[in-house]
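Below is one structure, written out as structure tokens, with a few remarks after it.
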Amino acid sequence: MNQMELKRLLEKVAAGDVDVTSALLRFRDASEPERSAPSSGGISRSGSPETIRAEGKTAAQIAGTVDTLRSVGQRTVLITRLEPGRAEELRASVPLIYSEMGKIGVAGGMPEKTGFGKIIVVTASSGDMPVAEEAAITAEALGNEVTRLYDLGSAGYLRLLARSAELRSARVIIAVSGMDGSLAGMIGSLTDCPVIAVPTSSGYGASFGGLSALLGMLNSCSDGVSVVNIDNGFGAGYLASRINHLGNE
Amino acid sequence: MNQMELKRLLEKVAAGDVDVTSALLRFRDASEPERSAPSSGGISRSGSPETIRAEGKTAAQIAGTVDTLRSVGQRTVLITRLEPGRAEELRASVPLIYSEMGKIGVAGGMPEKTGFGKIIVVTASSGDMPVAEEAAITAEALGNEVTRLYDLGSAGYLRLLARSAELRSARVIIAVSGMDGSLAGMIGSLTDCPVIAVPTSSGYGASFGGLSALLGMLNSCSDGVSVVNIDNGFGAGYLASRINHLGNE
Amino acid sequence: MNQMELKRLLEKVAAGDVDVTSALLRFRDASEPERSAPSSGGISRSGSPETIRAEGKTAAQIAGTVDTLRSVGQRTVLITRLEPGRAEELRASVPLIYSEMGKIGVAGGMPEKTGFGKIIVVTASSGDMPVAEEAAITAEALGNEVTRLYDLGSAGYLRLLARSAELRSARVIIAVSGMDGSLAGMIGSLTDCPVIAVPTSSGYGASFGGLSALLGMLNSCSDGVSVVNIDNGFGAGYLASRINHLGNE
Amino acid sequence: MNQMELKRLLEKVAAGDVDVTSALLRFRDASEPERSAPSSGGISRSGSPETIRAEGKTAAQIAGTVDTLRSVGQRTVLITRLEPGRAEELRASVPLIYSEMGKIGVAGGMPEKTGFGKIIVVTASSGDMPVAEEAAITAEALGNEVTRLYDLGSAGYLRLLARSAELRSARVIIAVSGMDGSLAGMIGSLTDCPVIAVPTSSGYGASFGGLSALLGMLNSCSDGVSVVNIDNGFGAGYLASRINHLGNE
Amino acid sequence: MNQMELKRLLEKVAAGDVDVTSALLRFRDASEPERSAPSSGGISRSGSPETIRAEGKTAAQIAGTVDTLRSVGQRTVLITRLEPGRAEELRASVPLIYSEMGKIGVAGGMPEKTGFGKIIVVTASSGDMPVAEEAAITAEALGNEVTRLYDLGSAGYLRLLARSAELRSARVIIAVSGMDGSLAGMIGSLTDCPVIAVPTSSGYGASFGGLSALLGMLNSCSDGVSVVNIDNGFGAGYLASRINHLGNE
Amino acid sequence: MNQMELKRLLEKVAAGDVDVTSALLRFRDASEPERSAPSSGGISRSGSPETIRAEGKTAAQIAGTVDTLRSVGQRTVLITRLEPGRAEELRASVPLIYSEMGKIGVAGGMPEKTGFGKIIVVTASSGDMPVAEEAAITAEALGNEVTRLYDLGSAGYLRLLARSAELRSARVIIAVSGMDGSLAGMIGSLTDCPVIAVPTSSGYGASFGGLSALLGMLNSCSDGVSVVNIDNGFGAGYLASRINHLGNE
Amino acid sequence: MNQMELKRLLEKVAAGDVDVTSALLRFRDASEPERSAPSSGGISRSGSPETIRAEGKTAAQIAGTVDTLRSVGQRTVLITRLEPGRAEELRASVPLIYSEMGKIGVAGGMPEKTGFGKIIVVTASSGDMPVAEEAAITAEALGNEVTRLYDLGSAGYLRLLARSAELRSARVIIAVSGMDGSLAGMIGSLTDCPVIAVPTSSGYGASFGGLSALLGMLNSCSDGVSVVNIDNGFGAGYLASRINHLGNE
Amino acid sequence: MNQMELKRLLEKVAAGDVDVTSALLRFRDASEPERSAPSSGGISRSGSPETIRAEGKTAAQIAGTVDTLRSVGQRTVLITRLEPGRAEELRASVPLIYSEMGKIGVAGGMPEKTGFGKIIVVTASSGDMPVAEEAAITAEALGNEVTRLYDLGSAGYLRLLARSAELRSARVIIAVSGMDGSLAGMIGSLTDCPVIAVPTSSGYGASFGGLSALLGMLNSCSDGVSVVNIDNGFGAGYLASRINHLGNE
């Protein structure tokens, strides 16, 4: 339900055409496209984008939801936490762009780019790639141009520094890192754009499942950095897209 | 040092006019306005805005730095962690807009609004106000229009819901909350703009110094929310300003 | 052993008819129906209801205990932590109402409703359903009317708000949620009845096995909320039943 | 705003007499008696009882709020976190029942008893008394009969056992304890009524500010026990009152 | 090496018959019977009793060590962390008393009772039995009379109270419990003898792998209680035996 | 109430001479000498020795309790957590052996030695002395011979090794240490007697208020070591005394 | 890229022969030998030695990288986190010195000894051996003489003391230990050389995955001890080699 | 006691000239110069350098120890944890080099430089200076040349990079940092020498008293970094000196 529809509905309530209970039910239906009700296409409201979390669902269930969404005009559907086996099954009925690394699929093809600038996804080391791919493909499926700069955490960030100019060309940067999480602070100090930090659970020992990276990122000396949940690539891609769609108006 | 100056310096190095060491030293000077070198006025580069952290400094030291900065053309200087007593002393030599609540002062007057939209700062309860004021005044001092909506966390968020339309008029929202930190998730689900969550250490018992709010915010069900350090109002205001200055280009 | 029996036994001790040691042994036997001694049917004393925890027991052992309990007049027996395979085996000898989702079975049929009101079990997301089902079936097996309202945590709690009237019809509410646990506080502020919060271990990353939800629930701004152990659906159902059986007398 | 008023307001919205925005604003006002709007007296809605948290308020501010509340018909006003000095000041203008131990005051006199049964507040040791008094006086100010049984945690709970019969006469029990928190489990196993456990921060060493008691209470072997935040006496008294006012209807 | 032998060796060093290096090497050999050197039978020195930790060893390796130890006169050998499969293999060459519950075996038969009193091992619930059996068999293999009182944690410790007299007949008590660990404090307050508390990792949720029981036991209100590592049944049995062999001299 | 009195009372109940309620009340009174009831002198029952915890009591209150206890025949009274100022006041009416270091006083003079052996109290460094003194004086006031060996943790435990023979002359050892807590394990491996480890909060940085020492002591490689709460010198002294009074019978 | 090459490159930049971007790219390539670019043999720069982390790579990928490195003159290549199965596959094409215990392989043969002294690797118990072997072989592959002293943690460190002279012959010592981590402090106090402590996750219960050893080592009373990450044998071996290659110049 | 003296003593024991007990006592005395026994001047043995920890000592006590040490030939004495007030008192009798920032004093004048290279102490921000000064002065008092590079953590480490050449001239680097601790990893990757990381407790919020910096440093991607306790400047300076005195022999 977009802002226009919302306003219209509220006016109907005020006018007595719709009672409060029904209005609330429409709110609910509108914000749950994947469950039952068709939305009228276009960009869906925040909080519940056209995203299906595949965990605990059969290929048939996922395909059904995709069909319903597409039948009401939704072009692109994002499917997260999608294991390779299930993706294979799903492909029988739904054409799919699929990343095994990010365990994420896109049905209906990638949309055209509607964001105002470029999102850059950076990782510190190879163990951070699954989370980074989830972030990158999420952002692409939401209409953003995405550049990947992976594995820049080693050798005293010299590789990162060599990419400073490229980093400065981003409108938003997603910094994905386990270990000490210092990648995010480094990027924050080299650039002027918002930096979304994603701690990953990819370390060992005293990384304590990502806690070390999380604390490091929260304590970064650089301003302009904020943090999402450990391993939450989807959330970072989603937030980056929100920021990248902010216009001048 | 802005992008243009940077490029010019690098070209000089490539041309052999400036050696690497000198180039690096200029980088350093350019990024440390408050220590020695004058900047050319206007908006300074990220990472080190015209901000002085008053903690551990005498009023004389602060006044000195303000003078230096202003003498080279800097109009507005932000002074954080400024205790009331020191603010009083400082006022003798530096005209000051000062918030005792947020322990933050602004020398040189507030700048005109240069951000594209409005930043709204929301708190859950009265204990969150000091952190919220630090965020709000930081954002104002960086050229943003700021609306404060305080104390919306009680009564099942009914007051928050009543302000939904207003919240949706923001370009960025800063959600400041101790306790369970659920304010941020609520706002995230009611709006489409980026939400910067600031956990505060204002609770007691099992809030464990803000840990409870921090974890709650990181685990929020709503997308579009990211988190800064506990009690880091300055960081939230700074990041919100970064986002609010993103134009279409 | 009910209050009447207890009083009678104590009078016998006072009268010298029964010595202290024997009295204590009778206490023990009376409070352990599942182990050896028959109780006289009806509602058993607190602490050890007619519940069998199936973990680490064979189907034969469980069936034996059910038989003993039923032979002394116990109609309904609750079996928790019952894996599907074992439930299948058990069915050969014991007719069973079984929930694979909640891993809980009921032998002897559901009792009639003896509670004074309705218990509503609410979840935030689909990952909370196993714990919710354990709570719901426990409450039903203890003689309560139960309504399930699942998956109300998304979309800014709009679906939850749409059910406000229904929530207010409850005498007790069980709020089951992982992530930030904010469901419980929301319900607490919308209703006047006691809310029993059950944190679940269903999240990932910084949910730290349910710790985030637990702390969030303990720090809820709403009064009227109390918390049981992570994933303790049985405990919540049991406590809700206790409250729902409190009469006016 | 009571249920009747609420329904009437909603009907007006449905009839077009009141628009949504105004309706929401009335909700807000109704649920915030202490800030501006008068309520019509009687029992206020949950979430915001006639309670003033004195922390950070002057005696004059508190007195003003009390006056406003009483002027609109509110008889009893509870004032928590009220330090002795401020209580003394407050007494000049507001007659007060005050407990220095519990740092809690009651203006307007205690109400008559409206709960259906008795609430018993139990402590393990003398260090738990401040929290217990906050709970007890809260419950009394909400119209409940309260019995205090203090210091029953020592000597192997023999003193507690000696009070078993008395404990069984309660409709709700509040168990207040630091250290290992085992008091709550003991009471839970001796009684059939709901037990609200309040961990306190009164221990030392590995009690880690109440964490030890909190975990102990959550892991209690006894069913029927639920837990509120560390040192949250007010919350326990409030919840106990809610349960004690549940009638048969 | 017993005290007599030690003294003799030291005299030899003082007399120049043995050099320091050799003396130190003899110390080493004497304290490592299972590795290479024969001890003269009887009770071995503390720290390294005739115990083999089976983890990571083949049946052949274990049998070899048992043989070596027995060939030099050691009658009883304790084998901890012994999985059922390996125990079966071992039996082919070494006659074994084996407890699958406690994963512990005794070669060479149980010794005669040399302790001065009785050690009682108590558990709170059935999940604590593996740790309790490790403790009990360790104590028996070290020459102590052991009584097992299992599953006394339920029903408000009424079963425990019924055994008070028996508990008071112990010289040392080992209290094994997960959950809130309150069993140890209860026993400590009912008896006068030393109580060794063993937290177990048998709970779930907020028991956090035994942390809850550990903290509970450390914070017990009862004096006379001390704690060993989580799940350390062997350590408790060993310490209990030390205490039980303390004579009047 | 000693064992003989207890047995007699129970026989009276069995005989009908005393009812259960009265019996329970006598239990209570007997176990609370400091509150009201006189005990018959001699060694009091465990759990509540003739100890007064001074925290939060006035000198007059303490003196009153001492008088009551002494009037019914109690010779020695231990007063813990006694600040120097209060000790000074107390001395006006009660002759006192007082240790400012251990904040512990003894009224009525030290008793004769009734333990069978010697208790040795060892510390690692000077910061551990307050806790050690609390332990040592507690043990002395309970009738034990105590030897202090302080500051043996430095220089690779060479000083400790030099005292090996003396350590082996103890019947019980109390090892008091902050930092890494390794003192306890060292002593455990050098001796055959029970070792009671007391972690202290005396370190800084990653000692986290004694947590480091606590975990180190629990994980000690040496058997024969058990642990009490952080800074719990009294508990260690009390337990050591219990063990030292175990005779052959 | 060695220091000489670095200086030369920087001079070329200063001279205008190489532009900044190209210089930075050469930095990058030079510091990533395993990815694409050949280094000129000899000792590689810090941060990225000729080490391949096998985790997540196929035998073919590893072999390819080894070939590339050796084709440009690198003699010895270290392969860490190499599982036995993969090592077996790898051997088909790459001659390998392999340690199953340390899961580490060396291609190209061990280099000659270039370090100035001897590195000694010490373990407390057998569970620490995998980490110790990773450390020892890393140090050997970097040109150091290594002595292994394993299993010296038991029996009160008497075995360790017996080896004091040998320990003092080391230039650097690596102390590998789980449990309480006290091994490192003991060694630190017996010797004058730097001690690198490696906590291991080999314990159980309250060792909490190596946290106990980590805290113990950080709190060691001995100076001269520093700590690396839990289970980080490679890092310890690498640092020890750095120190052992420090000459007089 | 140096190595030569040690060997001679052991030969005497072997020859029967000194008995074991006396030998051990000499060990003890030799390693405790500050307590009683004179050392023969020169560099003292590790573990207990000529250092006095002033905490809890009077100026007179400190002066006495200094005198004793100097009377036996010790030239330089280091006094740590020395508050300004006490330093002032001390100066009356002992000439002192004193740093108020590092709360550390040196009696007897700084020694000549005996280390082979230079130690560089780096800090991230001004809050880290007290710990850095403790480290720097400790190293100087132990005969090392020390360079201080403070406040290099801001502005994306550009200032640090500008000092790369200088950093590479160090033989050992001490990296002192709170917040995320990333300074240490940055330095580790820019240099080849050993880096000793000192986390500080200087942050706020989620820095949790230095825990964040500690974890960040342990998880640093750079090899060559090891960590000492939070705020342990002395330990870092001491270890750096040990490494800097390692010669070629």
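All chains are identified by letter, namely A, B, C, D, E, F, G and H, in their written order; residue positions are counted from 1 within each chain.
Just so we're on the same page, a contact is a pair of C-beta atoms (placed from the backbone, for glycine too) under 8 Å apart; a residue touches a chain by one contact, two chains touch by 3 or more.
All values reported here derive from a predicted model rather than from experimental measurement.
When every chain is reduced to the mean of its CA atoms, the largest separation from chain E belongs to B. In summary, the interface at E-G recurs among the listed pairs C-E, C-D or A-H; the equivalent pair, sharing over half of its contacts by residue number, is C-E. The distance from the centre of chain C to the centre of chain F, with each centre set as the mean of the Cα atoms, comes to 43 Å. Chain F has its Cα centroid 55 Å from the Cα centroid of chain B.
Within chain B, the positions touching two or more other chains are listed as 47, 154-156, 158, 161, 188-189, 205-208, 211, 214, 218-219, 222, 229-230.
For chain F in complex with chain E, the touching residues are 3, 45-47, 49, 116-117, 168, 171, 188-189, 191-194, 196, 214, 218-219, 222-230, 234-235, 238-239, 242-243, 246-249. Against chain A, in their complex, chain G makes its touches with residues 21, 24-25, 27-28, 31-32, 47-48, 56, 199, 201, 209-211, 214, 229-232. Chain contact summary for the complex, chain F toward chain H: residues 126-127, 154-156, 158-159, 161-162, 165, 204-208.
For chain B in complex with chain C, the residues that touch the partner chain are 124-125, 153-158, 161, 178-182, 185-186, 188-190, 203, 205-208, 211-213, 215-222.
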